[in-house]
Every structure is written in structure tokens, then in C-alpha cells.
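Please read through the structure below; I'll follow up with questions.
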Amino acid sequence: MKTPKISLPHNPFNFIKKQKQEIGMSPDALYFRGVRKSENILLNIIDFDSEALEEKSLQNIAEAFPYSKKETVTWLNVDGLHDADLMKNISDGFELEQLILSTVMDTQARPTVQEFDNCVLVSIKMLQQDPDTNRISVENLSLILTESMLISFQEKKGDVFDPVRERIRKNRKRIRSSGTDYLAFALLDIVIDNYIYILGILGEKIEALEESLLVNPKKDVIEEINTYKRELNFIRKNIKPAREMILSLTKLDSELIDDDNEIHFRELQDNINQANDTSDSYREMLSDQLNIYHTTISSKLNDIMKFLTIFSVIFIPLTFIAGIYGTNFDVVPELHYEYSYYIMWGVMIIVAVGMLIYFKKKDWF
Amino acid sequence: MKTPKISLPHNPFNFIKKQKQEIGMSPDALYFRGVRKSENILLNIIDFDSEALEEKSLQNIAEAFPYSKKETVTWLNVDGLHDADLMKNISDGFELEQLILSTVMDTQARPTVQEFDNCVLVSIKMLQQDPDTNRISVENLSLILTESMLISFQEKKGDVFDPVRERIRKNRKRIRSSGTDYLAFALLDIVIDNYIYILGILGEKIEALEESLLVNPKKDVIEEINTYKRELNFIRKNIKPAREMILSLTKLDSELIDDDNEIHFRELQDNINQANDTSDSYREMLSDQLNIYHTTISSKLNDIMKFLTIFSVIFIPLTFIAGIYGTNFDVVPELHYEYSYYIMWGVMIIVAVGMLIYFKKKDWF
Amino acid sequence: MKTPKISLPHNPFNFIKKQKQEIGMSPDALYFRGVRKSENILLNIIDFDSEALEEKSLQNIAEAFPYSKKETVTWLNVDGLHDADLMKNISDGFELEQLILSTVMDTQARPTVQEFDNCVLVSIKMLQQDPDTNRISVENLSLILTESMLISFQEKKGDVFDPVRERIRKNRKRIRSSGTDYLAFALLDIVIDNYIYILGILGEKIEALEESLLVNPKKDVIEEINTYKRELNFIRKNIKPAREMILSLTKLDSELIDDDNEIHFRELQDNINQANDTSDSYREMLSDQLNIYHTTISSKLNDIMKFLTIFSVIFIPLTFIAGIYGTNFDVVPELHYEYSYYIMWGVMIIVAVGMLIYFKKKDWF
Amino acid sequence: MKTPKISLPHNPFNFIKKQKQEIGMSPDALYFRGVRKSENILLNIIDFDSEALEEKSLQNIAEAFPYSKKETVTWLNVDGLHDADLMKNISDGFELEQLILSTVMDTQARPTVQEFDNCVLVSIKMLQQDPDTNRISVENLSLILTESMLISFQEKKGDVFDPVRERIRKNRKRIRSSGTDYLAFALLDIVIDNYIYILGILGEKIEALEESLLVNPKKDVIEEINTYKRELNFIRKNIKPAREMILSLTKLDSELIDDDNEIHFRELQDNINQANDTSDSYREMLSDQLNIYHTTISSKLNDIMKFLTIFSVIFIPLTFIAGIYGTNFDVVPELHYEYSYYIMWGVMIIVAVGMLIYFKKKDWF
Amino acid sequence: MKTPKISLPHNPFNFIKKQKQEIGMSPDALYFRGVRKSENILLNIIDFDSEALEEKSLQNIAEAFPYSKKETVTWLNVDGLHDADLMKNISDGFELEQLILSTVMDTQARPTVQEFDNCVLVSIKMLQQDPDTNRISVENLSLILTESMLISFQEKKGDVFDPVRERIRKNRKRIRSSGTDYLAFALLDIVIDNYIYILGILGEKIEALEESLLVNPKKDVIEEINTYKRELNFIRKNIKPAREMILSLTKLDSELIDDDNEIHFRELQDNINQANDTSDSYREMLSDQLNIYHTTISSKLNDIMKFLTIFSVIFIPLTFIAGIYGTNFDVVPELHYEYSYYIMWGVMIIVAVGMLIYFKKKDWF
């Protein structure tokens, strides 16, 4: 199998930053913080119970309000967060506190679980790999969970939730006969599965590096390691707060979450813990690889330097001897013996070989 | 966008220090610890409920006392902490324990939350960027929260609270119809937003460095990294105890804080946690950058040393050969062949090229 | 005693990875995740109480269902997890939630304890050394504990539980008169004993290295250390989540676990804690060994470089002197004294010896 | 301001050590462990309530016994711990368990809080700077707090408590109208203030080093850093257990400590936490300084080595050329052209300049 | 005072290891795990109350059984653990669960506290210095604490408990009038005192090294540091689990431990915490020493290399100049001036001195 490729989004770390004008705003001001990723706002609704199923896309949010009174499970999905008026309407139409929608509009907010009188707000970062460019995109997902509705907010069109839609359409008993809490679980489960999927792609590259490192450490290994480290940090930075969020979620004692479904939320926790463990292992592997690389490189350099130094040292006395007999003293008896030149060569060879033997014996090369 | 600049205050770390004479003072002595930053003390009052609004600056603290009996929300702001008499008057006039005002006067105190019989004391460090010099100033902010009053103490005139004043003036329903606790939240929110704002400015510089580092690591990078590290430490040193303080605040079970407003205090906590996470990420980035820099520099040095050593080594045997034929022995047969000199050159070139090939093959350069 | 050898499995770290098609599956889908390790599925049953004992292998799972109604303790062992139909039958026949068997089929799942209405699910990784190849195999073991049955699931035929079977057969009073909880303990005890056993084999190699390191550090030591580190990481990666699982198990307040047996589960905890401590110690030892190795190597290299440099330095002035008297100036008075040549030698020897003395005195070699 | 100097005590770390004969002693044996620091034992008493004040020094401990029955607050200070008989008398006279006085006599004991039936025992290390020698002394302070008495034990005459005595004498209302718990707080407050004071002196030296390091890193910087590190470790080693002790104290639920005074004990905690934070910051600063120093030194050395190597390399081909024309071949045509010598110089200069340009271009110096 | 010496036992770390045949044993099998250290098993009994005292050595364990019914405190000491029959007898005779004695026989078990129906089991490692060889021995001590009996198990004859026996014999009121819990405390106290004593001996060596390191760092320092590190690790490895055990002991809420004696168990905790702190400090000291050593060595090497390189560099241009005038060109005008040779010397001296001045100025040596 060819290792799939991934690349980081353009601004991977999405560090929170505040503009001067944002300071001091009222906490429930409906102000969109983030980069607008879609032009139009799309509204889709799936309404079902174990028997009936209705799917349609809405032109106007007002069409969705009646569903909130129905006993059936209704999943309203909103793609695009930048329209304050729409948010105001949602707040009024579904009788949600404005603060909730203000939080939804802040795409830089930390993954969080908040319990309100009539609903629970859950938000998490979605990682998604663009199938064409392999570039990962980060998107903020907010879920508002009420008795009979689940409203999901995404920054732009296109998501990873098609398997859930399929399960609903195919009348898989479990999902059709459960409430909004199970639906929320199903969505979060996919989000975390995508963390693991993307982590797995990176992992394969790291494991491949492991082998190539032992065979022949090239100089660009270090760049590769740094790239992977950066990519891993990116994933970890998203896993860590998601993990805290999931933990809060399992501890949440809300009437909106059925006791029977708690086991699923604990399963989410197991999954994200496992993702976290794996990312820890990868980090250790990268750190070990870096050490191995440095050790190999420095040991190789030492070998070169040692070789070259020994080489120089062997010639130093030879050159000295030649220098001696290049002097122009009137009286240098050795110069006039017939075999002096050959003797000089002999001495030089003996000196050189002697030094080689000495160095070898001392285990210097 | 041009990256805005920041610079640290003159004494950024403001480490606690005690003078000999301060040791052993009574804990409720009204003694000003810190640097006097303003000459005059300014007293301003804003009194409001959902209908009326009154704003004025006071000549005398006694003018403020009647407000403490009114049902309306009153925000008394005091700029300047060095006047022990005034503090004594405030203590008496508002029936506050003297210990509270003694704590207010200690500008080196740690951010803290303390609950008293009739009030809550909150203190935090304010970071503020001077718009002209870009220098950050640190100021101690203390808030005394009673049933109907919020007394804020600052070290000098000028603050970051204008957005809140605007919201009060413009009759934003939320703030005008809430109590002193919401007002306190609004002020703390701005303080923390400023942490994030300043962190963001530093962050942009660090991210810019990231790129330039990969392109061309210059020697002054290390100085830049050290500067940023120092600046980041400065911000972290302020975030850390503020975070502990906010945590205590959310856990505080005081009648003065309305249950409905608890969600806002939890939001404060989310914000400061996010600021903390981001500062952790920046620290890791700086540490990674330092590693990359060192690796790059040392790898470059190794390349130079290797090149130069190899260069020397190639000439060593050549010089030796020349030395041999500079000797003055009577009998050196080679000297007398007609083409010896050219042969010597040939041998030398063969030796040099041979060594180059050998080194290349061994992957030494 | 000759140190036994071990080697890691082919894919030792078994990092969780998800395929695209696995994302979004229903949590109770009976989907086998892992590598199929056996062709056929084997079903064995041991049924006993303090008096009677029955052992047989089943052709059909339906034969096992009646045992679930019997008062006796029944241990059903299933080798092979890939058959979804069988799992479905087990779920129906023993009235177990399908989610349980879905978890059993996921061989990549994290060791876990989950309490259900009528049973407890325990899963752990088994490490086992193949007696022929010395290669370690990792296998997922799941135990379903009900009032009168213990169902164990393994990935393939062959296990480490023969001592327990022997104890049952030999009518060891303790095990024959206890319930399924004690049987589960006995199995987990063996799994952990195998961790310790394998850790011990690795430990002996590390301790042997310790000695050889002090005697003569060879270059391949570093490879050995890296190998051991990898092997130790592998074991640690299995111990860590097992430890968490055992801790949850001791905290479990289930009716299925008798109070009298709690002491045994605490003993499990002691054992795994001890294994963990030991693995920590080994890690420290490896890290110390690495340091000692690096220190030794670098100190040796420094010695060589120092020696060689000093050697070169001694010849430098000598060669210079020879060079001086190789010049062809018309007037070089020294050239014409009769003993000049001998004096030159004398000076050279004095210079060389003087430098040696100087270096020795400065403690440079 | 001239930075005040401090120096460590002779045996700064005062590590616990046991002599053979001390092993196995009964825990309430009145055995003095430590170095006897004073010849005579001094007994002083201050007895006061909000109206009256009595101060005297005692010849005999028996004179103090009646005070334990009085309603007034009595502070008995004992300088010198080596007299087992006196301790026995105190134990009997004030009806204190002998174990308490046994702990008091162990000057190596860890700072601790222990609650007994009729009293609370608090012990802490006092750091004090000798005004003449600037040497810091460490002394064990034990406080026994009963309903109406505070007995303080010090190792030798002379302490830091004069400000408290002054406050008592000057009839500062707060201290004169409070009980023994407030008096204990006042003493502990001074002890911690002294920690901060001494930490501040060290801090100024570290901050001064920070600046000088950036200007001109000298070799003795490393010795200075090591000295400061040692001094900081010394202070930290005393702060750490004191901090634990203060924490236990604030958690203590004793009738002997008035609810109103709990706020003061929390203040102690704030102070010691702040001292701890500051010492952490100083430690980081020292560690950063060490890094900067090493980076600077190694970068400087690299520059030197590079310069010198390049210098050598430039001369190598030049010397080689001269060697070529020093050969004595019969036929070396170049030797006989009239301008050969000048051409040789030209070639040499071209080679040297060419190499310099090449190196410069490659950014090697 | 001459520093006493210590040396580690032959197999200091006593890492747990399992033999193949030990895997899968029943937890209450009476199987001796460890090295048999004594041939015979010795049984001694001390029976006392505040009035009477009886001491004798037993031939047969059955002689001890009647004591278990007596009201007096009985201390039964067993030296030697390898006799399964004896253990079986003890189990039956004193009505102790067999599991307890199975744990006692496992000398590799982790220090532990276990509460049973009628007794408490405490086990800890004893460190003891052989007075002749200075070698430390590690021995497992198990204490079984019942209402009226304390049974202590040691691996071999000879222990550190003579001071306790003396205190019992001399009718020290405290120990004679207390129960078995106080006796157990007294024994554990001695064990911990021995930790501190041995730590103190090692500490003195480390502190001595500290001084010698600053004066003259020799090469064997590194070996010494490694030895001490190893010895410290050995002690730490024993302190750490003992500390956990003592903590469990203080938290134990058993009727067998009198409330009055709880303060003594807390004292144990203080002692072991202090030992732990001290061992932490020593570890830091060793780590600092290692750093200082490396810094010193590398700085010294750098000095040497710099000196030698500079030395070489000064001669390089001089040798070049001599080379120039060793050429045999027909026309080298300088060769024929009368003072050329002296001028050459002059130039050489000027060049050499000039370079020295330049290097000095650049602060290179």
C-alpha cells in the first residue's frame, strides 16, 4: 500500500488572537470570530423516528421551528456561522439563550461542554483530510442538544457525517430508535475516528522513517523529523482539549443524556485516550529518532575527524625528516653517504608503519 | 499587516522583595508597597440601574458613601493607592475591614480572591500596552464587591475599561440590568482579553521567526529567541497566578455572585485556560526553534570543519613529496631524470584526485 | 544459566489505526478489527464445582448455552474472534448485549473494564513468548464474567492458562470451591506473571550490559541499548494501560465479585505496580548506560584528539627550524660552522623535550 | 544602592543524619539532636492583655507555671534547647506530653504542625542574616500554642521578633486584644518575611548578573551561577517544607485557632506561595543564564576555531607551491625564467585572495 | 572523623523476576521465593506486660500458640522463611489466613500493608550495614499484628532490633505499658532510622566529593559520581515503596491500632518523608556535580585546543616565509643582500609578536 500523504493547513495552530476592537465586547454579542469559509449558509434537516424519515434542505430557518415541538428526533445542520441575524433567529425560534449562539459563532473557542436550562452545548474541532490536496482542514463543530433536536453548526459545506446519514436512512434500528443524545454521540464518534485516522497516516510515515533511519541516515532526515514533529504537535494540540471536553461530557449529569447511552460516551473517552496514548508513543519515537540521528551523525563526524587527524599526524614526522635533509649546512655527514636517500625512505616507512601499528593497538581507528 | 511591537516594562518580573523595615508589620497596617505611579488620586463614580445613569468625578470620598445605601449598582473607581488616610476613610465609610484595604495597598500581592463578611476582594495584574511607546505596563487591579457597590482600585490614571463604560452608557440591556457581580466579570474579562491580545502580538513575532529560521538562520536569531523567551516568561508569570485566582473565583460560593452569572465566570476560566495553552504552545515553539537553530549552526560548522580538514589532508602528502625532492643528498637518482619534475606533478595530481575520489566514495563531503 | 533470548513481534507497537471504511460504524456492529491469527474457531468448556468436573470441546456454540443456567462454574474458552455469526449467537444465547461482543472483536481496543447489567467485561493484552522462536506474541484477551460463567476470548489457539487448568483438574480446594470471579483472577494473575517473566528476561540482558559497559564500551553497545529501549518501550506500552485497567477493576463495586476475593484483585494491583516500578528502574538504567557510554566515548575521543594535536605541535617548531636552514640566502652564518648541524639537532631535542615537560606540567596529557 | 551580601552557613543543607547510638531511641526520649549554639539557657516572659503588660526574664522555669492559669496572653520564650531537665520540667509544669518536648529538642526535625489534646505544636526553620558577617544562620523555631500561652523555643539568643515585641509594648490594639493564635501568626509572619527578604537579596545579585552576562560573559560567570544556584537551593530547601507546614496549619481545625484569625493564616500561605513562585522564577533565570553563557562561550570558541582553521588553510597551498620550487630536480624549467619568482608571488596572492573570497561568499567567516 | 564506608549488596536492585514454574501458582501456595539466607530457623519469644517479662527461644512453634490467648503483649520473632511446614503450622496455630503466610514467604514482594479480619500484615525492606564488610544487606521484614501478638519474620538471624529489646528489658514505661501496635511502631521506626543512617553515610561521601570537585576535578570523579548515583538509586528504590506503605499505614483505620499511637505512625511518615527529601537533595547534588565536572572538563579541553591551535597558527606564516627563500629560482633578489637573513628573522619575529598581540586583544587566550 502506498502511504497516503497529508499536509498541514495553512495556519495550523490557529492560536487564539484578539483584535483590539474585540476587547470588552459583551459575552453574548453575536459577533463572528474566525475566517469566513463559505459564502452561503446551508440549512438541512433530517427528522426521524423508528418509523418515519424526512430529509430536506431549508430556504428559511423559520421552517425548522415547528420541528422543535415534535416528538421525533430532528437533526438540523447549519453550514456557515457568519450571519448574526440568522443566529438571532435561531436563538429566538428555539428559545435558546443568546450566549449559546455567541459561543457557537466564536470558531476560536476551546472545545467545551456547557449545560444550560433546556439544552447542552458541545463544541469540538473537526479534522478532515481534503481527498484532492491531502491538506488537513480544521473546522469548529458545535452541537446544541435539546430534548428533541440536535442542531449542528459547521463552518462550511461538506462534512464527515455521511456514514451517520446512511445509517439513519437505512433504518439501522439502533440509531432510529434512540434519541438526540445517541445521535450526538454518533457525530462525535466520527470526529474522533477522524483524529485516529489522520494520526494513523502520520504514524505510518514515522514508522517508515524508523526503518530508513537505521539503514542510512541522510541529512534530510532531520527536516523530515521536524516536519513530522510539527504535524504531530498540530494533531496533539487538537486532541488534548478534545479529551478534556469528552471527560467533562462523561461526567455531565444531564437529563438530556440517557443513562443507557453513558456507556457510549465512555467509549468515546476510551477512543480519545487511545488516540492520546498513540500520539504520546509517536512523540517518543520521534524524539528517539532524533537522538539516534544525532548520535549517528556525530559518531560519523568523529570517525572522519579522527581518520584525518591520524593521517596528518603520520606525515608530520616524515615531512620533518625531509626538512632536515633540505638544510644547507656545510657539514651534514648523512648527505654524502651513497645510500642515505634510500635509508631515509626506509626510516620514513618504519616510522609511518610504527605509528599505524601503535594507533591500531590503542584502538584509535 | 505590520506586526505591532511590544517591549517589556523596565522591571518586568516585579519579584517580591521586602525591605528590612517592612518585616514584622501588622497585617492590617495601611502601608503602601510599590512604586507611586500617580501624583493625585482620582475618584470617579458611575451609578446606574436599568433606567437611570449618573456619572461624576468626586472631590472627596465622603460623597461616595451615600451610594452604598442605594439599591442601584455603583461603580467607584480609585486611581492611586498611596494615600493611607483615604484608605482609612474608605474602610470606615463603607464598613470594610481594614485588612482589605491593607491588601489593596500592597501592589506586589499575588492575585487573590478573599471572601469577607460583607464583601469579596479580587485582585489581578493588568497588562496594558502603551499606544505610544509599545511598552507594556503592569498594574495591580483590586476589586471590592459588595451587594450594591463595586470599588475598583488602580495604581494610576488611564485604564482599559472604556468599552465597559460605553456599554453602560449605551444602555446595553444586559449590563444595566445585572448586579455588581456581572460588572466585576466584565472588568475581569477585559483584563484577560488584554492578556490574550498581548500574547497574540508576541505570538506573531514568534511565528514570523519560525519562517525566517527555516530560510536563513542568522546569528542574531538566538538573541531574538532569548528576547521572546523573556517576554513570554513575563506574560506567563502573570497568567499563571491569574489562572489560579480565576479558578478560586469560580469555586467561590458567595451570595454576592448570582447563580446566573456563574456561567460567565466559567467563561473567564475557559479564556484564561486557552491563553495558558497558547502560551505553552509558544514556549514549545521557541524551544523547538532553539533546537533547530543549534542543529543548523552545528551542522554548518561541522561542514566547514570537514571541508577544511579534508582540504588540508590533500595537501599534506603533496607537500611531503616536494619535501623529499628538496633534500640535498648527494645521491637522489630521481632528481637527474629529465622528466622527473613532470612525473612528480603527475604523481601529485593522481594522489590528490585519488584522495578526493576516496573521500567522496566514503560520503565525507 | 544462559540468558534466554526474546525478540519483538513483527509489528510490536500495534498502534491503533483506522481504515476509511471503519469510520462511522455503529458501535455495536460485529466487525472484526485486527489480523486473523487462526483459521478455525475452537470452543472448549470446563465445568466444575467442588465435587464434579467436566471438560469437553464443543462443535457448536449451542451446546454451551445450557451451562449458563447451571449453578456450577463454567469456563468457556473461545479461540478465534473473526466469526461475526458466532458472536451474534453468543450474544443471543447468553443474553449479552451486542455491544459487548463488538468490543471483544476489536483486538486493537484498549484494556478496559466495563460493567453491564448482567456481566462484567475485562480485556487485557497477553504477552507470550513462543518457546521455539523466542519471539513475543501479543494477543488480546477478553473475559466476560457472569454469575456462573466465565467466557474467555483469545485470538488464536494455545495459551498460558494450563497451570489454572491443572489446578482445576487436581481439585485444588481453593479454585474448585470459588466462583467465576476467582477464576477470572487466576487467569489475569497468569497474564501479569507473564509480563513480569518477560520483563525479567529483558532485565537480565540489561544488567549484563551494565557490566560489559564498565569493562569495555564497544561501538555496538549503542545499538544494543537502542534495541533494549525499544523492547522495554514495547513492554511498558502494554503494562501501562493494563495497570489502569486493574486499578478500575479493584475499584469496581460489582455484585459479581465477592468481597472475599477483593484481596486477590488488590494483589494483582501490587504485582502490576511492581512490574511497573521495575520497568521504570530498567528505563533509568538504560538511560544511565547511554550517558555513561556517551561520556566514555567522548572522553576517549578527546584523549585521542589531544594526543594528536600535542604531537603535531611538537613538530611544528622543529620543522620551522629545518625550514630556516633550508633557505638559500647568500649569507647565513650558522650554515658554515662545523657543528651547526649537530647544534640544530640539539636545539630541536631541547625544544621538543621542553614542550613535553611543559605540557605534562600543565596536566595536558 | 549597593547590593547587600549574603553567604551561606557553614553546613547549609543540614541534611538529616543519624548517629548509630540514636537509632532505636524511644520517641519521647528527651535527647538533644543538633549542635549546641548557646551556653546558657535564657527564659523570657511577656504577659499581656489589652490593658496590662508585664515583661521579665526568669531565673527559674517554675516562675512561669502560674501564668498558664491566668486569662492573659503569655509568651514564654526559651533560648537554648540542650537541657533535658528543663524540658522535663516544662513538660510537667505546663502539663504537656513529653513527646512534644522531645520533638522540640530535635533541631533537625522537619517543619511540622501537630495537634495534641491541649495544645498545637508548630515548628519551622528560621533564616536570619547576621548583620556583621552577612552569613545566614538557620535555626529551628518551635511554638507550643495553648489556650493562654505561647511557648517559643529557639536554639540561641537573639532573634527577629523585636518588631512584634514593639507592637505589644506600644499597645497596638490588634495584637494586644487578640489571643495566642494571633501572636503565633505574627511570629510566623516574620519568619516568612525573612525568607522573602533573604530571597530578595539573592535575587538582586541574580538580576545584576543577567545584565553583566549580556554585556561581557567572563569565565567566572559560571562560578557565580553555581554559587547562586547553591544559595537558591539552600533557600528553596527551607521554603518547600515550610510551605507544606503552613498548608497543614491552614487546614487545621483546632479550637485553639480562632475563626477570625484564619484569614491571617491564609495570608501566610499566600506569602509563602509567592516566595515559592519567586524562587521558581529565579531558578529558571539561573538556568537560562547558564544556557546563554554556554551558547555564548561555545559560539565564541567556534568563531576562533573557524578563524584559525581558515587561516591555516590559506597558507597550506602557498607553502606547497614554495615547496615545489625548493626541489632540486635538474630540470625545472620555471626556475630559470627571469620573472618566475615574481610570478610565484602573484600566483600565491591570487590563490590566497581567491580562497578568501570563496570563504566569504560561503559565509564562513 | 573518618568517613565510614558502605558497599552495595551483590544483587542490589533485587528486581522482581519470575521463573517459568512460578507462573500460575495459587496465591496462597506456601512457596518460598527468594534466596535462602539461613540454614536453621530460629524462634524467639518475648512476652511482657508492664509488670512481668519473659524471654525464651523456642524449639517448636507449638510452644508459642498458648501466648496468643494471653492478655500480655507477645513478640514472636521468626528468623528464616523457607520452611513451608512451619508456615502452615503458624497459619493453623494462630488462626491466620494462609494467604498471609504465603505473602510473608515471598521475599521479593513489595512493601505493603494489608488488613485482614483478625490481623494486619505489614512488610518492609530492612537495610542493614554489616559492621565488618560494610556491605549493606537487604532483608524482607514482615510483621503480623494481632490483638495480643506481634509476629515478625526475618530472612536470617541477626537484626537491628536490639535497642527495642533493651527498652523492653529495662522496663521503659512507655513500651511496657503499650500494646502490640506500639511495639510494631518501634520496630518500623528502627528500620527507617537505618535508612536515614545509611543515607547519611552515603551523603557524607557526596558532600566530600563536592569540595574536592571544586579544588581539582580528576578523571575518576566521574566514576565516583556514577558509583554514588548507583548507591543512591539503590537506597531510593527502597525508600519509595516504604514511603507508600507508611502512608497506607497512617491511613489504616484498624481497631488494632490505638488512636493514641496514631501520632507515632505520623512521626514515621515525617521521618520517611525527610529521608526522601534528603535523597532528592543528594540526587540533585550529584546531578549538579556531574554538570560541573563536564563543564570543567570541556572548558579545560577547549583551553588546550585553543592554545595549541594558536601556537600552530603562529608558526604557519613563519614556515611559509622560510619556504619562500628555500626556492631555487635563478632570480630571487632578496637572497643576495647581505642582511637578508637577519631581516627575515626580524620579519618573522614581528609577524609572530603581531599575531600574539592581535589574539590577545581579541581575548582569545
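Should a chain be cited, it is by its letter among A, B, C, D and E, assigned in written order, with residues numbered from 1 in that chain.
Quick note on the criterion: a contact is a pair of C-beta atoms (placed from the backbone, for glycine too) under 8 Å apart; a residue touches a chain by one contact, two chains touch by 3 or more.
By chain, with names taken from UniProt: A, B, C, D, E = Magnesium transport protein CorA.
From a predicted model like this one, the values you see are computed outputs, not experimental measurements.
Trainee: Enter the angle, 0 to 180° in steps of 5, of the rotation superposing CA atoms of chain D on those of chain E.
Mentor: 70
Trainee: Please compute the C-alpha centroid of chain B, do the same for chain C, then give the distance between them in whole Å.
Mentor: Chain centroid spacing, chain B to chain C, equals 43 Å.
Trainee: Determine the centre-to-centre distance between chain A and chain C, using the mean Cα coordinates as centres, and give it in whole Å.
Mentor: So the centroids are 27 Å from each other.
Trainee: Which chain E residues touch at least two other chains?
Mentor: In chain E, residues 305, 309, 312, 319, 323, 326-328, 332 touch at least two other chains, as defined above.
Trainee: Which label fits the chain touch graph of this model best, line, ring, star, complete or other?
Mentor: Contact map by chain: ring.
Trainee: Under a traversal of the ring that begins at chain C and continues to chain E, how are the chains ordered?
Mentor: C, E, D, B, A
Trainee: Under the stated contact criterion, what part of chain A meets chain B in this complex?
Mentor: Residues 13, 15-20, 22-28, 99, 109-110, 112, 114, 219, 222, 226, 229, 233, 237, 240-241, 294, 297, 301, 304-305, 308-309, 311-312, 315, 318-319, 322-323, 325-328, 332, 334-341, 344.
Trainee: Within the complex, which stretch of chain A touches chain C?
Mentor: That would be residues 160-164, 166-167, 172, 174-175, 186, 189-190, 193-194, 196-197, 200, 203-204, 207, 263-264, 266-267, 270, 273-275, 277-278, 281-282, 284, 288, 292, 295, 299, 302, 305-306, 309-310, 312-313, 316-317, 319-320, 323-324, 326-333, 364 of chain A.
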